[in-house]
Structure formats: structure tokens, C-alpha cells
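Below, chain A partners chain B and then partners chain C, in two separate complexes.
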Partner chain A sequence: MENRALNLLDEALGLGYQTDPWPLRGKVVLIEDCVETSGCFVLHQLLKRTLSSQSPNNTVIFLAFSHPLSHYDRILRKLGCNLVAQRENGRFFFFDMLKLLCPDEKEGRTGKGGFISLYWKIQDTICALPENNKNHVTIMIDDMSLMEVAAHGSSDHVLDFMHYCHTLTSELGCSLITLNHEDIYTSMERPAFMLQIKYLVDVFIKAEPLATGLAADVHGQLTVLNWGFCNVKGSSNNKITNFHFKVKENSVEYFYPGTRT
Partner chain B sequence: MAESMCRTLRDGSLEGEQAPALTIKDIAASPFGFHVFSHVLSQLSSFILASKSQSRGIVIVAFSRSPSFYVDLLKRRGIDANSTHKWIQILDCYSDPLGWKYQRMGSGNCMDVSHETSSSLSRACKDVKDLDKLYSMILELGKGKFYVNLCCCLVFLNEINEMLRHSSTPTVASLLNNLRSHEQISSIFWLLHSDLHEVKVTSALEYLSSVVASVEPLHQTAGGKRGDLENLSLLEQNFGKGKLQVRFKRRNGRVRVVNEGFHIDQSSSNFTSVLSEDGLVNQINQCLLPKVQFDLELSEKERIDRAKVVLPFEHQGNGEPIHIYDGRRSLTESKTEATLASSGNSQKTDSGEGEIIYFRSMSNINHGDSTDDKMTNHNI
Partner chain C sequence: MAATKTRISSFSRNISAVSAPQLPGIKCGPNGTFFVSSGIPDLDKILGGGFALGSLVMIMEDAEAPHHMLLLRNFMSQGLVQNQPLLYASPAKDPRGFLGTLPCPSSSKDEKSRNHDTEQEKGLRIAWQYKKYFSENIDDHKDSKQEFCNDFDLRKPLERHFYSGQRVDCVSIKDSPNPATLHDRCATFLAQFPRNDGNFSCMGRIAIQSLCAPQCELSNMDWDILSFIRSLKSMLRSANAVAIITFPPSLLSPSFCKRWQHMADVLLSVKAIPDEDKELGKLLTGYQDMVGFLNVHKIARINTQVPMILEATTFSIKLQKRRFIVLECLNQAPIDGSSGTSYGTSGGCSGSSKSGALDF
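Entry: the complex of A and B
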């Protein structure tokens, strides 16, 4: 078994206490970032953590709207995870959605192309998994704002798709992890799309710059709101955590404010 | 007050009147509407099981949670789940609201991922955009099971918002109005995330409601920006607790607004309904007190010492007989007191801390107010 030290992010997500059942099972996780502070690294860390040898039944379905596989492969290799090998082992399914353009509403109803057929692909992939792995699927989306672009700006289509993905969390215990950019919606008086997604989530991770400005040793701060945190005793409670981070070449350091000189 | 909401729904409607309707609304800064909703649902379930309610059953229209979730929820709250099929029916608008799964099954490529469709408690709706069909399905579920006096609890979790996303406000309002007017429906309630819609949409739904319960954060951010994480301490203060403002509309048009606080112990189980209003105010005041180095509160000793100080009033409650000054009999007493004071004898009390002796002025004898305009002499 892989011997690894827990970091603050793992603790905030409750990943340290147990691996079976997977602590994020049946949960929706939203990572929200902004231009100044990217939250991509959280997605990469969770991808690596999900595919770690501690959880051999976990399977990841990755919907990539922003980068090709080679991008993620390079990053994950540095973190010590070989995505290509995982794909060959049937634990990592990469859906390249860079060129996805949804058809208009009439064509969309027939299911040819667009989010309906994407959902069917996910459903078929889960269906084809071995019985042991069907209940350990994590769906990752990078990122939601580009889903809106693919849907010609129709947030309703994206929300419909997200709803169907959400049904997989309750019916099969899948996890759903998504990335979104907050600042895209800041000028809107009522960012209904973003708020609607927030109402769906069980865990909300926000990456933002320090209020005091740029610093050499601190790249930003993470705030984690965990609505269904499970502690050691198994009881569930809400938890809020805030800590700083520094993204390094092969890892990320997490630390509480004021603990670094 | 949360209990009076439940009682309003429990008592149902009088003959010829519309069913009472409850809107539970929340915002992203305090997204605890679902906890309030769960509380109301479990209370109503208890009433129905104890035959204390006008209604005999509940029809849940599930938009944002699976049918099994509701059964588990009631189990967690200690409600007998074995008998649920006798008094709960669930219209499943969650599992396949647009028929995507059904289409896939039709094309023969499918898996039956949904365990919900086979449940004896639920019936699937595959086109939530057709509100006429939805209306008839709700009534069929009620009639088929409970015959008369059903209580139709519309659980639009997240998701009267979800209905409003698929249909226009007038059609949703029309559906709600029709349900309220139906003679077999004793009460109806729904959850609304109010910040997803324009004010006019929220207002339209509130006009349809006899009770509106607003879940609000205990502390608003300065800019009023929703979900603002800038102020972490504010976020922590609002995390897991909030304020419930309930507006009751009476038949005669009178509106009563009551405020309560709540806190959530554990996400899965106990919604501790309410602090008393005083408790909430105290809690708010405590939170509002600035964190300063010096202590604004009195210690226990200081409080006792303060209580022992004899104030210049006639009724001290110090064990001696209380004489109520009537403005006539005090001439001789005043003389005695004056003599004592002039001889320099101070009156000692058991307190030993200090006392204030006052002399009643003769000129004040005829005045009714015995506490004003006294000549005082502090003798320590």
C-alpha cells in the first residue's frame, strides 16, 4: 500500500480517514478559480489521488473541454501518475471535447451530437465497467465555462447535462468534480448558472489570491466548504477550512496562514 | 414558529377555500432551505402517522433528489419506513426529467442504471416540460393511494427553480394555483432558491403562498455579495446556522412576521429547529461585540457587589418591611431621619459595601413621585 502523508487539502476533503468507501462517493465537488489564481492544480491533485493505488477500484471519466490529453499526461507524470498506462488499464477514460459543438435544439432532441450523446457515452462507459468498478466512478470536467461555449451560450443545456450527471451520483454513487471560473460571471447582476451549480455541490473549493497581494512563497489561498464532512468517528458534519498553497514543479505545498516565514 | 408553519399545513384548508401554501426560500449565502424543508416534511409525516393531520398522505414531486433519498431521510429522522408505501407517493421528476435515459433504452443500448424506477413508492415523469401532464400525474398518485383528503406536498427541491427553468412563470403559477384549488389537496409547499430568479418571479410565487419562510444568513456581507468568501470570519459565522423569517398571511389580510434562528448540528440528521427569539438576539449581539482587550462584561463578583449597592429608593428589597410612601405619614419619619443624620450616625447595612442615605425634602411631601428631587447625602 502506498504510504503517503496527508496534506491539508486531503484533510479538508476527508480523504485521509478512509479509502473504502471512497470519501467523495456520491458527492459533487466544485473547484472555482479566477484569472489571478488558477485552480487547475486542485483538479490535477484530485485526479492523481483518485487513481492512486490506495483505491484500485476507482475509475475516472475525464471530459476535457480545455486541453488535450498530452497536456494532462505531462502534468500528471510529474506528479507520479501515468495517465496513458491508467487508460490502458481501463481506469482512465479520456473524452476529448475540444471540438464539441452542440447542434441546435431540434437536432439536439434526437440525441445526435451534443450533450445528450455525451451523456449516453458516459452511461455506456459505466455500463461496460466490471461490476466492482461501477460504483467507484469519478467524472471530471475541465471546465464548465467551455461547456457553455460548446452549447452556444445556452446554460440550460449545460444544466440539463449536469443534472443527468448528478443522477449518476445518487443512483450509482459516482463522484462529480468540476472546474469553473468565477470571474467570468462577476459582471452579471444575477449569475444564475453559477449559483445553480453551487446549489448542487457538496464540496466547494475556491482558489483565490491573497488579500494582501502577490507573494513569492505563497501562490494563493484555498477555502474549502465541505457540507458533508465525515470525521474519524464516522459522524458527518459541516466543515470550513482555509489555508495557503504554493505550487511546485512536482507537488503542491499546503500550509496554514502564518506558518511559513 | 417553525412549529406554527407545520401546524398551518397540518390543519389544511376549510371547505371552499384554497389549500394553504408554504414557500421556503433561501439564497446561496445561506443555502439551508433544504434543512428547513426536511424539518417540515418530517413533522408533517409524524402528524400523518399519528392521524393528527387533515391529510392522509403525502405526494412528493422530486426534482432534485432521488425518491430513495426521501425514504432514507425519513428513516434517519426516526419515522417508520416500513409503512411509507401506505402514505407516501413520489413523482420522480429527478431520474429522467427529459427522457434522455428512456430514449437510450428505446434504442436498445442501454443499461438500467436507475434503481428508482422500480420502486413501489415512485412513478417516473419523463417530460417535466409538460405541466398539464404533471398536474394530472400528481392527482392520479394522490387519488390512487389516499382517495380523500390527501396532502399534496410538492417538493420542488432546488427546483421549483427547475420547473421555472423549463417553463414560463405564468404556467408554473397556474399549476400551483390549480393544485391549491383542488378540493382533495389539503396543503402544499415548495422550496425556492430566490437568487436564481428576478424579483418579480419570486414575488409572484410569494403571492400564491399563505406562509413564506425566508432562510437568511445571520450576518450579511458588507457589499451584500452572495457567496462572498472575502470575509472568512463572516463565512464561518454563517456556516451551519442562519435566520428564519416567517411571514404568515391571515384570511383577514393581516400579516404577521416572526424571526427565529436555527443551527444545523449534523448535515444528515438534526435540524435543531429554533432558538428562542431572545436567544437569537443574544447570539447576534454576542457576535456583534467587537473583540477587544478589555472586558465589557461584569464578573460574577462585580455583579454581586453592584446588586448590594443601596440605591436611593424606598423599596430596597433588603428584607425590611416595605413601606409605600403615601405622601402623608412621613412628617415624623423625616424628622427622625434628619436627627439621625445631623448627629453624624450613619446607618449601617449588612452589605458592608456602602450605602446611600437620602433625606426626603419637606417640600416634596405633597408630590406624588417619591424618587425625584431628593436631597441626597452619600455617606461612605
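Entry: the complex of A and C
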């Protein structure tokens, strides 16, 4: 039922046209935000969308670096999706990286050990899934900049990890959805880390505040850049979309600038 | 009119019924969060109730003025008055000496007079015939909130017995080679307040002053400090405590400064006003009473995805009678007779600080 109510974000991501195969399958999605406007809500939307889509095989592996499960559980419950129940069904795996992981402390100063074991954990989880779920896995990372902090600044280790995860997308058709903060890198001279990540990305979502400041009924604007969208019939050339949004407890309103009365 | 009166009173009764089973210093907030007071009644109001339990508050200092200390002192005093344990870390050699400068809650007599003051002040804004209802309203609120948040008199030092006991833990970060010692102190401190649902036997406050200041050796260990903040934040999430960190943003590289800001649940910045800025003085009413500006950049979003949009993000810090901290929306000097505060604010703050979005 909820799939019928398409919003602009779903359309821009191509989620409306087919649910099988899952349109984001094999894609890497990067969400960027800044201090003024948080992009977390896009992550919540995609999480809900993935878990409540028509195909019952979709599985989510969530690597939480910034918030505990209780936070996400409350938000997603308001969106109409029970994470605890999904976890019991074996469709949602929550890896709490807040406390569990400080790789450099565990494995000396390398930082790599932690991420490697994390990767193995992900792969074990995928291997343990039933056969027809294996190709419908979504890996979500809720804050990539905190991964860098966990790796003690060695962004190469984070990049390695991302490359490993990227192989999963090409081998098994997993999708990878990550959130990062854009404004951290804008002041750097050569943001090699960010450029490398962007090279992997198929879909790019950017949340920004309005140029005129915050307003009560427009919380910011989203720019969606979809590189892999061309093959879908119909609106094929429409690769960049830009619209405003307003975040509510149980939904997010998307609208084109100036179309709200 | 009678109807209004009863509605008001029943409303206040509800509040006390909800907060009654808790500790005096804790108030229920939305989405299963709990608030503790910042020690400044106006700041509590601005943030929608106070600091959420389990959140990390960061204050960006003005490099040239100690305005962040005003917020820090009131935060610490509020905790001590409510008998909450405190961990205080600072780059000073003897952090315990700082406790002598904490403000004392004003006595009831002072409070009365202050109440009276605000009544009179507010009274100017509303039609005189409603005045008596309005003042009654204020009194009600004061009564129910008395325990949650005190007014602090900056000129009276806190009585010694509040901080002489075991409840205050002081750490000097001046000579520590890395944040590990501070981290361990925080961890042992927070271990006293594990969070188990609905059971508030105790809650604690952590105040870290000028983390990363040049006088401590930590200032060139960016990643170490970042991972300290990260792990402090994750410890806070599972503890009944609130932490404030103040830091000088100008001493960090821009990209690290952004990283710090992203870590914060509540992000504030303070700024002194330049002396005798004639232009600004003409623009803003009450300029001569102001000591600085407070900017609210980020408000905690725990258990919810909805951002809280404030009408204004810049507030003036005033010292009423040189005793009490008062935060007010900026008001542009009346030109056209319209009272729109948000309009005035955005105009005012673009004149004074970089965060202004509109440039008039």
C-alpha cells in the first residue's frame, strides 16, 4: 500500500517503477549533509523503504557508528516499521559500533584489524542467510566520518573497507548506503578520501539548508544525482533532481520549490 | 475568563504529576527523553526544556572573551545545588579553585524581587487589563519549576558545603600527555550512572573546559581527542548524565572544527560584543545591557528525526542587575512599528556575526 504513494525522493531514485529486482541492487548510494541540515532522515527513509518493500527477501545490515539501536527503533516505529520484529525475522542485522568497535585499541595501532574483522562479520552474516536472500542485502553505514575517527585518522583503512564492501555489490548484488558529512572536506586542499568514495558512488544525495536560512515549513533541499538511471524506460534524461523537504515524525514531505501554498 | 483560569491551573498540575516521580532535577521530554536544566531558565526554554539526558553539549568559545564560562558555571552550580555528582576538567593547574567562583542560587527574597521585575517588564508588552492573568501564570510556572531550574546570582559565591564533599571530581588536563587519563576518569565517573529504564536513582554532570586549549598538551593530537569525544559520546548514551565541552574553534583546523561540530548533540557558540559599536547600538534595542551573543547552531535530536526550528537562533546575553543571566531575542530598534522578532533577529545577527543568513 505504502509503495503506491510515491514521493519525489523515491521517483528520483527510481524506486517507483519496479520492486523486483530492487532498483538499488548493486548500487552504491552516498548521502551527504552538513552541520546545519542533517541527512539522517534519508537514511531512515531508505531503511524503511528497503524493509517494507514488496519483495520479502530484502535484508539490511546496519553499521551504527553514531546512534544506538533504541534511537533508530523509535524513529522507524513512527515511520511504521518495527526494527526489533524485523531483527527477529532475520531481515535486519544491527551492528552496534558505538561501543563495540574501537579498532585501534583492540588491534594495536593499525586500525585495520578492526575493519577486517568487521568485514568478515558482514560476510559471515551474508553467508548465513538463506539462499534467496543473499542477493538482496543492503549494507548501511550511518556515519562514515566516525569510521575515520575509529580508524584514528587513517582514512586508507576506511577506503579499503569501502572497497571490500564494494566488491560485495558487484559480486553479490548488495547495495551500499552510506552517510557522510560534506562540510568536513570542503576546506581540505586535496580531499582524496572523499574523491575516492565519490568514484565508487552510483547515486548521490545531498542535503543542504536553504540559502535563505532555516524556515519552519521548509527544512532544506535535496539534490539527487543518479548516474545509473538511464536504462529505466520513460523519464531517462532526468538525472539530476532538486527539491525541498520537510521532515515530520511519521513521514517526510518532498516538493518542488515554490509548489507549496 | 474563568475558563481560562481553570485551564491554566489544570495544565500546571499535569506537569507536576508527570515530573513528580522523578528526581527533582529531571523533567520528562518528548520521545522518551529526559531533560536536565542548564542552570539558565531562558536557555532551557530555548532548547525546548533543557539538555537531554545522555547528550553531549558543545560550546564554541569566543577566543577573546570568557563568555562560555557563564554557561559553564551555571551548568555546574545547577547540578551541585541538586546534589548531582560533577566531574570538572580544565586546563588550569588547580581546577578545584574554580569551584569557588560558582554562582549561588538566589534566595527567595531576591527571587521575588526578580519575579516582580519580569512581571513589570512583560507587563509593558501586553494590554494592561490582562496583566493580572499574565502575572498569575508566571507565578504558577515558577512554583512548579522551582526545583528544576534555579536562578543564579552571579555575585554571590556558592556555599562551600555544596562542593566540599565527595561529589565533585576535578581533573587538570594541563600536563596529561594524552586524553587517556581524562577518558578513564570520565569512564569511571559515568559508570556510577548506568541507565536502566525509568529508574533515576542518580544522575551526573561532566563539564570540560577549553578542551584542546593551547596550554594543555593535547592541542596537537587531533585524532586522539576526536576519538575521546566519540567514546565519551557513546558512553553518555548509555548513562544518566550530560556533558558540556567548551572549545576554542579558532585553534582547530577548519575540517577538524567541523568534525567536532558534527559530534555535538547541542551546539552553541558565544560571542562578545565589541565595545562601543555605534552602528550596532543604533540597530538593536537594549544594546547597552548586552554582554554578548549566544548562537544556537544545533539542538539535540535524540530518538527523533524532526529538527527543531527556532524562531531565532541568535540571542543576546544580558546580565540583569549584574546578577542574573537573561537571554533575549534581539529586537531591532523600532522603525516601522512592526514587532516581528524573527525579522529583527536575522537582520541583527547578520550585522554582528557570520551566521546570519540574510543580509540587509
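By our rule, the second predicted complex is superposed on the first by the 234 of 261 C-alpha atoms of A that agree within 3 Å, B and C clash if a C-alpha of one lies under 4 Å from a C-alpha of the other, contacts with A are read in each partner's own complex, and residues count from 1 in each chain.
The rule is short, and it goes like this: a contact is a pair of C-beta atoms (placed from the backbone, for glycine too) under 8 Å apart; a residue touches a chain by one contact, two chains touch by 3 or more.
In this text, all values refer to a predicted model and were calculated from it rather than measured experimentally.
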With the two structures overlaid on chain A, would chain B and chain C clash, or do they fit side by side?
fit
Just chain B (first), just chain C (second), both, or neither: which does A:Leu195 touch?
first
Could you say whether A:Glu88 touches chain B, chain C, both of them, or neither, answering first, second, both or neither?
neither
Is A:Glu249 contacted by the first partner chain B, the second partner chain C, both or neither?
second
Given the touch rule stated above, what does A:Glu36 touch, chain B (first), chain C (second), both, or neither?
second
So in the superposed three-chain picture, is A:Tyr119 touching just chain B, just chain C, both, or none of them (first/second/both/neither)?
first
Report, please, how wide the angle is at the C-alpha centre of chain A between chain B and chain C, in steps of 10 degrees.
120
Quick check for you: in the superposed arrangement, does A:Leu168 touch first (chain B), second (chain C), both or neither?
first
CA minimum distance (chain B, chain C), superposed complexes, angstrom:
15
Determine where on chain A the residues touched by chain B overlap those touched by chain C, and list them.
211
In the complex formed with chain A, which residues of chain B make contact?
28, 31, 65-66, 68-69, 94-98, 100-101, 103-104, 109-111, 113-116, 158, 161-162, 165, 193, 195-198, 226-227, 229-230, 232, 235-236, 239-240, 264-268
Taking the complex as given, what residues does chain A use to touch chain B?
111, 116, 119-120, 123-124, 126-127, 156, 159-160, 163-164, 167-168, 170-172, 190, 192, 195-196, 198-200, 206, 208, 211, 223, 225, 227-228, 235-238, 240, 242
Which positions of chain A touch chain C when the two form their complex?
35-38, 40-41, 44, 67-68, 70-71, 74-75, 98-99, 102, 104, 145-146, 149-150, 152-153, 181, 183-185, 187-188, 211-216, 219, 247-249
Per the touch rule above, chain C residues touching chain A in the complex are 31-32, 222-224, 226-227, 230-231, 234-235, 237-238, 253-255, 258-259, 261-262, 267, 297-298, 301-307, 309-310, 313, 346, 357-358
